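As written, the chains take the letters A, B, C and D, and residue 1 is the first residue of each chain.
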Amino acid sequence: MIARVRAMRPQELAAAAFRLREIGIVLALLVVIVFFGARASNFLSVSNWQDIAQNVSIVVVVAVGETMVVLTRNIDLSVGSIVGLCGYLVAATLAHHPGVPVEVVALIAMAAGLGLGLINGLLVAVARIPAIIATLATLAIYRGIDAEITGGKNITASQLPDRFLSLAASKPLGFPALAWIALGVAVVGAATLRFVPWARDFYAIGSNPDAARFAGIPAGRRIIIAFALSGALAGLGGFLFASRFPTLDSGAANGFELTVITAVVIGGVNVFGGSGTVLGVVLGAVLVATISNGFTLLRLDEFWKIFFNGFAIVAAVTIDSLVTRRLQEALRRRRAELLVPSPARADA
Amino acid sequence: MHKRTLVVLTGLAVVVAAAVMATLGTAGTAKTHYKIFILPKATGIPVFTQNGNGAKKAGKELGDVVTYNGPTTVSGAAQVPFINNAARQGYNAIVISTPDANAVAPALKRAAARGVKIISYDGDTARDARTIFVAPSTNSLIGQYEVQWMGAQINYKGQIAILSANATSANQNTWITFMKQELRKSKYKNMELVKIAYGNDDPTTSAQQAQALLQSYPNLKGIISPTTVGIQAAAQELKQEGKCGKVQLTGLGLPNDMRKYVKSGCTTKFGLWNESNLGYLAAYVAHNVLDGKLNGTLGQSFKAGTLGTFKVAKVDGNSPVVVLGPPLVFTPQNIDKYHF
Amino acid sequence: MKSLTLRILLRWETLLVVAIIAVGIWSATLSPFFLNRANLLDLVTPYVFVGLMAFGLTFVVITGEIDISICSTLAASIVSFAQIFAAGVNVWAAALIGLCIAGGLGLVNGLLIGVLNLPSLAVTLGTLAAYSGLAFVVLSGEGVATFPESFTKYGGGYLAGNELPIALLVLVAFALGLGIVLHGTRFGRYLYAIGSNREAARLSGIPVTRVRVTVFVVSGLMAGIAGLVYVGYFGSARADAASTSLLDVVTAVVLGGVGIFGGTGSMPGVLLALILVAEVRSGMQLANLSGQLQNIVIGVLLLAAIVAGNLISAARTGSRPARLHRRRKGVTANARADAQVLVDSNP
Amino acid sequence: MSLLELRGISKSYGGVRAVDDVSFGIEPGTVHALVGENGAGKSTLVKLVTGVIQPDDGDLLIDGEPVWIGDAQTAHRLGIVAMYQEPTVFPDLSVAENVFAGRHPRSRLHTVDWRGMEDEAMRILRELGVDFGPGTPVRGLGVADRQLLEIAKALSTNARLLIMDEPTAALSPNEVDNLFATVRKLRERGVAVVYISHRLEEVAALADTVTVLRDGRHIDTKPAGELSQGEIIRLMVGRSLDALFPKEEAEIGDVVFRADGLTRRGVFADISFELRRGEIVGLAGFVGAGRTEVARSIFGVDPLDGGRIEIEGRPFRPRSPRAALRRGLAYLPEDRLHEGLVQPMSISDNTSMAVLPALTAGGFLRPRLERSLARRFMQQLSIKATSPAQVVRSLSGGNQQKVVLGKWLAAEPRILILDEPTHGVDVGTKADVHRTISHLAAQGLTILLISSELPEILGMSDRVLVMREGRLVTELSRDEATQENVIQAAAGVTEEAA
């Protein structure tokens, strides 16, 4: 196999590298399923996988938004706070006006999220604040607003209408409702990143910002759209979060951004932007959730999950950079063979 | 734009921002009898809000200024700035419930050194860091009752788990010790305590811990949750997994929170106490300590407004303690009588 | 005649002093207790550990990198220190081991970023979670709090009639020491050179890799020292220690005038910025504002610091305020070509 | 009427006349070669035409109409596309998307029409006779394929004028033939191609008309048939040797530096030469001959795949610039802006940067010492600045170059490699630098002078080495060397073809 790889022309190597990441995650997923399946009796049970699907659905919805931001070589740390804030908005709206249909409340959450994302976009694209600092600040600011609105009076599940509470429990066709919603978001997200022109520009901006500007792509406006979408999907994530954990306090979804970024990085989205697919991110999210579920079933300490998330990010980034370095090496070696400067040619 | 004007502008902006913050500040310090600072484990948890309201009611009767504030997340370290601030603002007494007895001890001792009287309630602090501990009920009773309620519901057979709050919380650990003592009795010989999980009084974590319990112990028969946040999260989790009735639930919970779950059979018996009375009593204890009538010697007695007289005693090895009374028991039949 | 950069730096520090005075006046109106000597001296004490971490982060940011794993490094090192101490080891020996662990965690970051040239944001984001996980595994839940007074006095102890906090002396000592290292030594000059133009620094014979690894070790060590002061002040070592302090540390560094793309910044600036953050926090505490609301004000302060920095640098050089994109490290072939094309256009 | 006409175009940088009153026209459907030494103004003209910079005076006319090309986008709209030695692409995207980045073909529903895009890309690629498909990720493409991609991109915006600046520098022989076939196809489609190359045999094989530039002035424009390679060389050279090169006589000592068989796969191969104390050795050759790459490998910046180096008789393995400096070897980089100086730092900080270990006591800086060092070189190299504390960014190009020179002289090297030391600086600075170089050589410093300016090479060097396409082709003594034979060696033109 190694001989074949070395013989491959760099073009095939690059195409293979493109697919490598998704294949890699699927392989890792199979290994994990076999490992935990053997050790924990109820790991392969339907109800367990329904739990996994349910837990992963919120991560996927928010990760699709985060992916769009990371593609443009930025990062959005504030998604955790947006989920918490919009989650509380959903609960508060339903508690005070139980009559409002659930779908409208979801749209309200997405609209609120969109607004918060827009602010992130303006801070990064217009005020020229580096994304890491801007979203670190808005992480704290949105969490503060969340605490101010909650003002110490948590909304408990008992105040929420049953129609909303039953959403998380319902499993149409055996597949949790939240997971259906996440699937829809992933499909729409993948389609957008594939077929919508301004979404394709995210890739160009992340891959080579100078060339993108040169090709006439309005980088600033595109980045604002990316942050706005990330905020909107985090808002929808807030809606799902509130239905899954109906008792909300101002600390809801604290640190959730780390889980989301783990899924995005493991999912093969390049930290420097320019490459990454929604399929990869969904697979990455499922892998993380499966391992976390496996840890629970093995009654491992809760905190190994946090350690695993961190370790996975570092490992994914290291593998990513080694693969690209190996590819450039192959390119240079191949070009060297072609370029044998023979003195004879000069005197022709 | 010339550099110098630019910098002056930025300087001005900062000064204006500072002025805006001034209008935000709301505290005023009116001089009345005593100033008492109520510091809960965290604001936002309904039971602690009710403690605060009870204390304020007592404050009105006693003519004291009662302030209720605290961190939004449950952590001992987060309470330290509030303790220092209360001392600095000249409060006469701090009435504190803490999730981490040791984390707050140094700050409380510093405050005491400045003449501030320290009273603990609900979550006790290190013994040498407070004058009197106001207990909602006799700890041993709470521990025994919860095991008895659970035993009755699963007719004394099967695996059970405990979903607690913080691992460092004194009241939780005391109740759990008494639960273990109760479980050693022959009546409970085929009931097995398999796991103690910690939800840190955070609704989301408690729900995740409850789901983890159900997943990692497929044939679990019952969950005891001695915290109002934990019992409510566990009930919601059982409802979502459709396991109400299959896995019994008991512990300490607020009637308003649990009414819906009692009606849908997720729990048939749980207990608590009147949280506002607990706050009311704690405020009276603080007032009497400041008057010098109480200084923590056993046997001293005092009148706590409408609640009658209480005596300082040594209870379950902890002293000096003032106990509110026996726990209330809520059942599907009497749940509608209580509205807190 | 002072050079241009010195004048601007001074201008930034004087701005901080003005802000400190303004916030002081505001806090005084809130409570008569604010202006008494004991209170003023005690103002910074709860944030000394934030300042020590900010000093470590300043070294990293000046070289053009970032380290957001410092709070988890602090947590992991103090829980290890606590467990070793609880196992009966003398407190100072245990503290030394804790520091070595903190330095070791910093070294891991340094090797991944300095030697393997991985992006520092992604790596330290990963180690933020990994080290926090380690901290909880070492000491989940039950905090250790039986530390002797002889140790905790450096965090929470007082001198001179119970008014002068020892922690303040620790902070000033480190500010002086590290300030000398940064502004007065060869190592410090290397940081500014690498932060401004890493390629030119390498061509000038500066041991770039060794320096970049070292700054992350320094950042780790300072998180370790901050941890010891934290334990002293709060009296207990828990795995979730300093989990909400990242915002304050980053604000102290950025508000202190340290350019986020590297190459600029001074230790006095960061110290003044820390005092300002501490003052704002304690003022808001006096106004009984909740911890979360305080975070809003600090978050706005952080954003304002960057915008002001952008405006000043734009005014000073008249160029576009700041790059919209961080240049992808490891300049690829075609990027060099761009550089080649443009080099002739502005001699 | 010509597609693009330059009329009286002039452009100068800080006193240096880069382009001086140039006028000529480029006809559609022709390959128009632009030749001249480095610094003759070729790349400045390219930047003028592609809107990167604007002329001081004179007009650019498209189809006879005067136009003002304010930026790259305007040039694009006018159909002018430039292609550089290393094409700028989106490495993470596929070939088709690289061609249509920012202007994806839309389907009826305003979505990206992938099939249409790939078909269109396939059509263009087929026309260029390319062997990779539209779906290939660009990250895996070599330089030659990336150039074809740039051409495809130009065709997709139906560009009318394609400028190719040294396109064959990094190509293998059959890749060059492939490129020629493509250029001929473009010509048939009526596209005008401006072909800039120092490889005169390529110019002879491909170009319809040739324009020769020298010292920024337009010398002549003639149909290719009427100019032999030798005549082109004679027009290219003959720069006035007006600048009097004060070459002090230096007594040449024994061998200080010996390199043999230096090789870096795909860049340069078996380079062997010796340098003697007090000697100035000129290293001539065109852009892409590998001179800078050799210097960077010797100085430890880039890796070295083979060969041995001896400094003062002792073997030297170039691991890093730091190791080279410790052995008394210094390298003044070609790219002053990015590799020579740290712009935001002061003159004294930059001057002392390479010698900090010597200037510090126990690791502590001694600013007084640094300032006096800086003053010494400001005075020695007559650098015009207010004080050593002045930020380098605010200095003129010439003064910046002197600061870089001062920085490396401060390192008191025994062997100094200078890479284009007077590139793009005013005449005054050039004379100062030359005076300093020859003075240092007289004091026993060994200098390897890499330069693309023939008068400088001939005027300053005791010996001249010439490199072409990664090989050392000839060595000429000071007396043998003339502008013609150096250029001929560099361009690979033999006697009989002249």
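The criterion applied here is as follows: a contact is a pair of C-beta atoms (placed from the backbone, for glycine too) under 8 Å apart; a residue touches a chain by one contact, two chains touch by 3 or more.
On a predicted model such as this, the values are computed, not experimentally measured, just so you know.
Participant: Going by the average position of its CA atoms, which chain sits the greatest distance from chain D?
Facilitator: B
Participant: Give, as an integer number of Å, the spacing between the C-alpha centres of chain B and chain A.
Facilitator: The computed centroid separation for chain A versus chain B comes out at 37 Å.
Participant: Taking the mean of the C-alpha atoms as each chain's centre, how many Å separate chain B from chain D?
Facilitator: Computed value for the inter-centroid distance: 75 Å.
Participant: Would you kindly tell me how far, in whole Å, the mean C-alpha position of chain D lies from that of chain C?
Facilitator: About 43 Å separates the centre of chain C from that of chain D.
Participant: Would you pick out the residues of chain D that each touch at least 2 other chains?
Facilitator: Where chain D meets two or more other chains at a single residue, that happens at 88-89, 91.
Participant: Mind pulling the chain A residues that touch 2 or more other chains?
Facilitator: Within chain A, the residues that touch at least two other chains are 147, 208, 210, 250, 302.
Participant: Among the residues of chain B, which ones contact at least 2 other chains?
Facilitator: Within chain B, the residues that touch at least two other chains are 43, 72-73.
Participant: Between which chains is there touch?
Facilitator: A-B, A-C, A-D, B-C, C-D
Participant: Can you tell me which positions in chain C touch chain B when the two form their complex?
Facilitator: 11, 15, 18-19, 22-23, 25-26, 29-33, 39, 42, 46, 140-143, 145-146, 152, 156, 162, 233-236, 238, 240-241, 244, 280, 282-292, 297, 300, 304, 308, 311-312, 315-316
Participant: Which of the residues in chain B come into contact with chain C in the complex?
Facilitator: Result: residues 1, 3, 6-7, 10-11, 13-15, 17-19, 21-22, 24-27, 29, 43, 67, 69, 71-73, 75-78, 80-82, 84-85, 88-90, 100, 102-103, 105-107, 110, 113, 166-168, 198 of chain B touch chain C.
Participant: What part of chain A is in contact with chain C in the complex they form?
Facilitator: For this pair, the touching residues of chain A are 73, 75, 123, 125, 127-130, 132-134, 136-141, 143-148, 208-210, 219-220, 223, 250, 258, 261-262, 265, 271-272, 301-314, 317-318, 321.
Participant: Note which residues of chain D are touching chain C in the complex, please.
Facilitator: Those in contact with chain C are residues 13-14, 16, 18, 43-44, 47, 52-53, 84-89, 91, 299, 301, 320-322, 324-326, 331, 333, 335-346, 349, 353-354, 356-357, 360, 363-365, 386-387, 389-391, 393-394, 396-397, 407, 411, 424-425.
Participant: Enumerate the contact residues on chain A facing chain D in the complex.
Facilitator: By the definition above, chain A touches chain D via 9-15, 17-18, 194-197, 200-201, 203-204, 206-208, 210-212, 214-217, 270, 274-275, 324, 327, 331-341, 343, 345-348.
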